[in-house]
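I'd like to ask you about the structure that follows.
Note that the chains take the letters A, B, C and D in the order they are written out, and that residue 1 is the start of every chain.
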Amino acid sequence: MTQFRLTFLVGLKEGILDPAGQATRNVLQNMGYQADDVRIGKWIQVVVSAKTEDQALTIGQEIGQRLLSNPVMEYFEVTVQAYE
Amino acid sequence: MTQFRLTFLVGLKEGILDPAGQATRNVLQNMGYQADDVRIGKWIQVVVSAKTEDQALTIGQEIGQRLLSNPVMEYFEVTVQAYE
Amino acid sequence: MNNDLSVGIVVFPGSNCDHDTIAAISSLGAKPVVLDYRLHSLPVLDRVILPGGFSYGDYLRSGALAAAAPIMDAVEQAAADGLPVLGICNGFQILCERGLLPGTLLPNPSGEFICQWQAVRVASESPLFTGLDQGRVLRLPIAHHEGSYRVAQGQLAELFERGQIFLQYSDAEGQLHGLTNPNGSVANIAGVQNRNVVGLMPHPERAMAAYLGSRDGWDLLASWLGMGENAVC
Amino acid sequence: MLTYQDVGLSAREDQEIVRLLGRRPNELELGLFGALWSEHCSYKSSKNLLAQLPHQGQFVVQGPGGNAGVVQLSADWDIAFKIESHNHPSFVEPLQGAATGVGGILRDIVAMGARPIAIADILKFGTDEKAPGLLHRVVEGIGAYGNAIGIPNVTGSLGFSAVYDANPLVNVLAVGMRRHGLHVGADGARPESVLILIGQGTGRDGIHGASLLASQDFGAETEEMRPTVQVGDPFMGKLLMEATLAIVDQGLADAVQDLGAAGLTSSTAELAYASSVGVVVDVSKVICREQNMNPYEIMLSETQERMLLSVPKKNLAAVLEILTWYEVPYAEIGRVVAGDFLRVVAESQVLAELPTSVLVGGCPRLPVTHDVWIWDGDQPAALEKTRLELTWGYQVIGHPDCRDRSSVYQRYDSMIGLRTVWGPEHDVAVMHIEKGSPGLCVAVTAPARWAALDSYAGGIGAVAAALSLVATQGAVPLGITDGINAGNPENSEPHRKMAALIQGIGKAAEIFEVPVTGGNVSLHNETEGQAIWPTAAIGVVARHPNPEQPIADAPPYAGTRILVLNPPGKPDLGGSVLAEILGHPGSYPVLDVGAIQHSLHFLAEIISQAKNVGLLACRAVGIGGLFVAVAKSLITKTPMALGAHLVLAEDADARFVFNEMAGQWVLFVEPDFKPFWDQVFETHGVSVIDIGLVTDSPELMITAGRAITWPLIDLWRAYRKGGVRDVR
């Protein structure tokens, strides 16, 4: 078994209101920045043990689906890297 | 002025306790995954107007420092992309 | 008096409204049965409650970690077999995360926790709540950080048509408008049901006595227990 | 080579250590001294002053010295309570600083074997542009911890002044209950017992927090010394609390001590010292969250959510079973032995060994010299006769110190636990304990402006104000806890002001016969030479005779008479909000403590028979004076249908309605009972005057020569949003 680092980006699906993003955009604009369309999501890193990189990615798909995102409102992407 | 998409990854500094990551790791382990060292951070996307990509990146450094991260506890990385 | 009614109360690590819920259920004359989240099966029960309050610290997303706890397999099975299940606040969030109820509860738009007395209106008569008439206004506390109820696009009409919307935030007269919506929930929704499973954001277990500010929680829970007006005092 | 300066000690202290030990300490030992001889842990500048406070009382179960004071509420229940400050950490990182402040004081209560049932927060912020953001995040932090662990936040206090710009104050009071007769503390450890460290894995969090951060002034150079910020984990805090209480309930530990400032060092040394035993701590057994932590770091880490238990061997298995059930990490890190030392080892290697009598008991204290007590600040003249103005009503009730606090307290869960009969929307909290039992009344005050002008008089006023609040419920005060916040004690002025403040508190506690059972001192609230006002946060717990039916704080119907109990003979605006608005602060007036004491007794007696004397409602006069007390009684009612008409003597002026002299009350009385109240001076020796009546027109009207009218809706707007409404 080798260790791999999985990196998840979890975001709100298109069309779902993002109040935190909106509030942040307003603050940025008040600070004088020409900022627009702020979206706030999660960046999650998990170290997993697996035989191969492919297997690690399969695990990533599974835990992204089962735990790390809420499929009703969120989507996620997962990438894998070797971990040392 | 052109629009650029800034992408921020904001994480807790080394050594800072991550209670959410810890609890998530424990649950993943209870679900039967060999998961370890879970760190939960933020993934933030902002669209900004700037003259050049370089200028957009400078803005990114600035708002990352001033608003999107808490320098006492967090670090961030920012990358820039064209936005269409 | 219905001493034989046994009500399971699931305690997850971090649950903090479990004591209050146990007290409320006992005061109604039913028998609370504490259910540890590590259980893989349920004892024989008449009802199950997922109480409120920060299971797993509300980390990752409220209710998400609890939804993956071992006991939830058994709760899901029991619900499928028709056992009435009630989720209060965090319990509601857990039921949504588990997919036993439609929709999800997002952070309040203010980004802040909110604790206050709130009027809620019974939106539709439900076989789960005998004697609780449509239009009845209840005064109950709310206390949450993630109470903004949302459903997938296009799902709302369907929920209304099927009478799945159970409670809505209202004013004291039962009127629905934006000003009485404390958390940006779609259509002021404060509680939904899916057959024998129901979830609500307000805390009926905190409104069991006049000296605590309201006794309406008594009425709501008594009706869910099928005790109607006959509950013991 | 580590020097005494590196650990925040003075040359004199370093010499004293060598003298007492008879040798030079090694580096680790020096580090332990740095922590325990810091201001924060040793109270070296304040201990001799605190000795002046009265600690004895008929309800005292445990006075100062433990993790919290304990008083007896009823035959069945004791109450543990204490105030703790987290000022410096909250300035560095407002959200986590405030959150860990809540966690810390809750663990103090739990370490006494009591289940926390309430918290209250006492906050002071600046007036600069940074202040609102800081306040927002501090409130977020207090809520984040309290809401998640599930303890209701039932009352509090919030004030503003530019002196807090760079030194905001975050003091938190926690209250817990335990069975009467149960004795738990840090002082019961017996040789042969095992030391178990439970909770969060130890990391490099907050190293040097106590010795350096909280014991020095802020300045540019302290920026660099910022330790790793401690993060609060209320989830672990909840598991730790439940596990500890289960262990205590079953009587399985002989001593319990939370880990606060200076972490493992202070908890092990203080437990050993309090129990008159020695302890051996093996740092190699401590569960670390980070790699390669050295003994120095392990001993000084301030990682939150940890607790130290001393467990007799025969109970070990049962304790570990409970910890496993609650999934609380634990490690056996040492043992209790006969002796009087703290020995730190790594497996078989001895790293440090110090007598606790020196480490805990040996820190030289600042002597209290006579001149400390002499007040020589200037005493500006009192404001002369001032004609009442319409705008002042709006300015005062809209002043940041008087304004509505719902935007703060709605972010706290105030109702969890089913005990909150009255929460933060009232001036005092009323808590239900159990059917048939007396309840608990909790109040806090921190009238900083008073003590800024005259610390001694202000100290008396602060205690009088706190007692006045619980008196509105006819509740019997059981004990007081005080949070002292001041500047750098090495500078003469802040030190003398602190001394005077403590002396005032002690004087009041003595006269009003309420013991001080514990508290906290936070010094070095000073940045670049600018010290805060000497600020006392006073918390009082009282026995409520009838918690299911509190005495109202607003009139029920029109026609009700409005009386003032104990109006000052010479009303003085000194220290009031109006005086500040007028730019003429004056000096805090000398209170007639005898008359206040008399009135407190009178209220206790009369409220027990309120119905027989037509007493319908009662409210203490506080910040903003009589005007704000009456106005709040009217505008906090829904719907806002009742008004008041006050008819004052022709020469009564602004001083009468806006003075903030503690120990006055507004009473709302049924008109039929007027004869009783007219004679109350003769029958009871207290002074009561009739100032008007409740009307059914929604406005506050005051006639004093001429009539001025404030529509309630305008007062309400000023109360909610601040600022001055246009004159109509």
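Criterion: a contact is a pair of C-beta atoms (placed from the backbone, for glycine too) under 8 Å apart; a residue touches a chain by one contact, two chains touch by 3 or more.
All values reported here derive from a predicted model rather than from experimental measurement.
Just to note, of B-C and B-D, the chains joined by more C-beta pairs in contact are B-D.
When chain centres are defined as mean Cα coordinates, A lies farthest from chain D.
Remark: chain B and chain C have CA centroids separated by 35 Å (rounded to whole angstrom). Distance between chain centres (mean CA atoms), chain B to chain D: 38 Å.
Our note on geometry: chain A versus chain D, Cα centroid distance of 42 Å, whole angstroms. The centroid of the Cα atoms in chain A and the matching centroid in chain B are 10 Å apart. Touching of two or more other chains is recorded for residues 66-68 of chain A. In chain C, 56-57, 59-60, 65, 68 are the positions where the chain touches two or more neighbouring chains simultaneously.
Taken residue by residue, chain D touches two or more other chains at 233, 235-236, 327, whereas all remaining positions touch fewer. In terms of inter-chain touching, the protein chains here follow a pattern that is not a line, ring, star or complete graph. Pairwise, the chains that make contact are A-B, A-C, B-C, B-D, C-D. For chain C in complex with chain B, the residues that touch the partner chain are 56-57, 59-60, 65, 68-70.
Chain A meets chain B in the complex at residues 1, 3, 9-11, 24-25, 27-28, 31, 33-50, 59, 63, 66-68. Chain D contributes residues 140, 143-144, 147-150, 233-236, 238-239, 326-327, 409-418, 420-421, 432, 547-549 to its touches with chain C in the complex. Residues 15-17, 19-20, 23, 66-68, 70, 72-73 of chain A are the ones touching chain C in the complex.
Those residues of chain C that touch chain A in the shared complex are 60-61, 64-65, 68, 96-97, 103-104, 106-109, 111, 148, 150, 152-153, 184.
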